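Questions regarding the structure given below will be posed in turn.
Labels for the chains are A, B, C and D, by order of writing; each one numbers its residues from 1.
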Amino acid sequence: MSSKSKIIVEISEIPKLKNPHLICGLPGSGYVGKIAVDYLIEELKGIKFANIFSSSFPPQVSIRDDGTIDLMKNTLYYCKNKPDDIILLTGDAQPVTPESEYAMAEEIIGICEKLGVKSIYTLAAFITGTFSKNPKVYGTSTSLQIVNEFSKQGIFTMNTGTVTGMNGLVIGVGKTRGITGVCLLGETSGYVVDAKASKAILEILSKILELKLDMTTLIKRAQDTDQLIKTVEEQMGQRQSTEQLPMPSQDKKLGYIS
Amino acid sequence: MSSKSKIIVEISEIPKLKNPHLICGLPGSGYVGKIAVDYLIEELKGIKFANIFSSSFPPQVSIRDDGTIDLMKNTLYYCKNKPDDIILLTGDAQPVTPESEYAMAEEIIGICEKLGVKSIYTLAAFITGTFSKNPKVYGTSTSLQIVNEFSKQGIFTMNTGTVTGMNGLVIGVGKTRGITGVCLLGETSGYVVDAKASKAILEILSKILELKLDMTTLIKRAQDTDQLIKTVEEQMGQRQSTEQLPMPSQDKKLGYIS
Amino acid sequence: MSSKSKIIVEISEIPKLKNPHLICGLPGSGYVGKIAVDYLIEELKGIKFANIFSSSFPPQVSIRDDGTIDLMKNTLYYCKNKPDDIILLTGDAQPVTPESEYAMAEEIIGICEKLGVKSIYTLAAFITGTFSKNPKVYGTSTSLQIVNEFSKQGIFTMNTGTVTGMNGLVIGVGKTRGITGVCLLGETSGYVVDAKASKAILEILSKILELKLDMTTLIKRAQDTDQLIKTVEEQMGQRQSTEQLPMPSQDKKLGYIS
Amino acid sequence: MSSKSKIIVEISEIPKLKNPHLICGLPGSGYVGKIAVDYLIEELKGIKFANIFSSSFPPQVSIRDDGTIDLMKNTLYYCKNKPDDIILLTGDAQPVTPESEYAMAEEIIGICEKLGVKSIYTLAAFITGTFSKNPKVYGTSTSLQIVNEFSKQGIFTMNTGTVTGMNGLVIGVGKTRGITGVCLLGETSGYVVDAKASKAILEILSKILELKLDMTTLIKRAQDTDQLIKTVEEQMGQRQSTEQLPMPSQDKKLGYIS
């Protein structure tokens, strides 16, 4: 029996969607993207329609809140919305090898093609190593026209670097199949789980896609992040001034941009 | 010729079993699970019926007690027992890549299906970094009902974290085929081979499965562990108080829980 | 779905070429080879005719100058030239696993065979850890006759060591198909992007292949390197004499020679 | 195109051999096995009959003495000898992944079966971290009968541990096909290329297989090792007594025993 990587997609329902956009937020630095997509699932009342399992996810099972365990998986949700329907993708993990990340990106794009997805938004972190009062949102896209409109939308452009992992590959592979891709990266220190960066991204994304979001709970979580940052800064102040806080390690599996 | 991972199962006998439960204890942190299953093989007079070889085991051969060598392998034993028959799985190693761990878990579940296994118990270590007089036993399961009964059985529940390696995947893959899985984790420092943790697990497991075990020899081994811990603690006491015993490294291949 | 490595070659045109030589300069230490080939593309007005994508490139997308992103790729250009036509190969990255480096080398040699390539030149870095006023050029070849002529051409020979990565494998695999290979390695510190080493290589290569090159811009860039080196040396002088500049890390993916 | 590992065997001649024994000495710790087999090739006038290439060898080419380069390879030689013919295997490298080590071992055993090999000797290093005046030779075998005869032959037995890499797997895979295997490990510090350990192994092996060897040159090389060790020890003596020579790193690819 071969042990090459296997991807299994369990689909419970094939939704009929109007001009759907895919929004991806997988676990990564500061959980910026995952927090944002989890929030969208809650607020837009996302309906789960597919699980994706892969033997290239970390070889482990997750313990859930209720004490039970399950294999690592990614999950797809759809939301009936106006003007366009929304598909949401999040999950427990990203694949652990380069080849399997490409294979997973192709699998996801295959699903997008079947559902008629015309554009993809991946939500990620832009790591700075310092705490920011008002985190900026950076962007890159497969379309020069979209990049040119970023400044009007309050999005900062980049002209060098890479977007690593699934947030980059989903857009890169999508481009080869004619699907427009946008990556929005919320500025974050990299030291803490950062709901402030998630909030900054969602404020911009909700304008672009005309999403009606009640931001109350996320504002609360962003305040928690502020409190957490304050605590970390106080602890840093108590250290000797010669000591440097180490740069947050940009773990390959978690770091979106290097 | 391809070098993708290959699994070879050598079966000498297909046993006919009554409501069999599989108990797995592969080498890992503190050898907690392996010591427990090796003890069950001895006490329940397990009969070897299959060897599993894999090109994803560590690329090495083991030197046996008698000076001869053999390829790394996992081995399956069965024990006629009342009320239910028991299958035991242990071995020299776990596979070394994520994909091959998933593939091995699928192979094992395939064997379980052929033998009519209805529930699986994997025995593992819960690493704390400190020595415990009376090691607790933690548990997680694919079934919420089983989790809810843990406290009555003296098992502590967990509501976050992961179970890594074969102890997690066998249960996770089993769940996708409708086999109930339970993972029992014995509290251990991670510093020493810990028969005390194995004994703690077997005391609980023998009640659940109504196994008649003479624990005399294991109690002796647990006392050896106590002696070993005492020696380590004395050595630690002789160090300067500013020195810290390093946290036991949670080697990916050996560590069950992170 | 399998996630084994996949290579996709997109060919826009199959050029008809006269005695073509392939010159490769992929990203590596000091970007010595890439700078040289990028310069040849500019000066010889290379015409792009093929892109090579691979799921064994780093799992990320590159942000281009204009703010857009694209998958990692290698690209082939041809240049009508006298006496012989030239094919140029450069790109964003080298594959990340041994097997996929061999597979990519075979893919490239397959393309060479179709285009009638008779000899291959790979341009690489010879890392010394010290700054050199006049970087030497080292060479090795699949042909003893070519090695014997190196000294007349101002190329230094080597008689031990390895050439790692694509610069070595393209030549090694080419040899098995009867294609002559030469690797030219420009001496470089390994600390800075080194256009001086690129210039040293191109001065020799342009004589061998009778390329008419206007070196003005590259001389300018080499002067920039000189300036950069001066700055680094000044910073080093300001350190305590006991402090050692760490040897440049010979990153597997970037380091050509070990 | 797939990039799974590929093994290519180039056979120039299929020798007809009488009761052949295979002796393997691939590059490893202290080059103990490789020096020994290279010596046998010289002394027994081995005739090259096959090259083995693999995409799982390190992705690099070797620079030979004459300045030319070639792909990494393993090579097989045969020697007409009395009472039994001898096959010798050595090479530039061992495969770099577990799966590809198993695959290479299977390839080699396949060749052994075709040539009627009845027993295999792998020559390796037993690393001690200290310098030994008269290095011992340790042994392990697939046959208990052979292990029991070791003491009469001046070979020390082992009853725990592993033999890693090709020296172990060739014997382990051979066992599954009914070929007897012996691994002889020469005691070595692990700090230096150790011809003394090679000589110790060959003195024993030549008695077992009744090889007529002129040991003059190897005795010379063993004296060079002695000189090298003396130099290292003097350097160690000049260090502060509190400084410890670091244990030689047992590189996975090179270390035979752990």
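As a working rule, a residue touches a chain if its C-beta (ideal position, glycine included) is under 8 Å from a C-beta of that chain, and two chains touch if they have at least 3 such contacts.
Here the structure is a predicted model, which means the values were calculated and not measured.
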Review point. Would the interface of chain A with chain B count as same or different, where same needs over half of all numbers used to appear in both copies?
Key: different
Study note, to complete from the structure: Here chain A maps onto chain C under a C-alpha rotation whose angle in degrees, rounded to the nearest 5, is 90
Exercise for review: Find the chain most remote from chain C, comparing centres computed as mean CA coordinates.
Suggested key: B
Exercise for review: List the centre-to-centre spacing of chain B and chain D in whole Å, with centres computed as mean CA coordinates.
Suggested key: 36
Revision key, fill the gap. Expressed in whole Å, how far the mean CA point of chain B lies from that of chain C is 51
Exercise for review: Spell out, as numbers or ranges, the residues of chain A touching 2 or more other chains.
Suggested key: 4-6, 56, 97, 100
Study note, to complete from the structure: In their shared complex, chain D is touched by residues of chain C numbered 4-7, 56, 95, 97-104, 106-107, 140-144, 147, 150, 157-165, 168-169, 171-173, 175-176, 181, 183, 258
Point to revise | Residue ranges of chain B touching chain D (in the complex, touch as defined) | key: 1-6, 53, 55-71, 96-97, 100
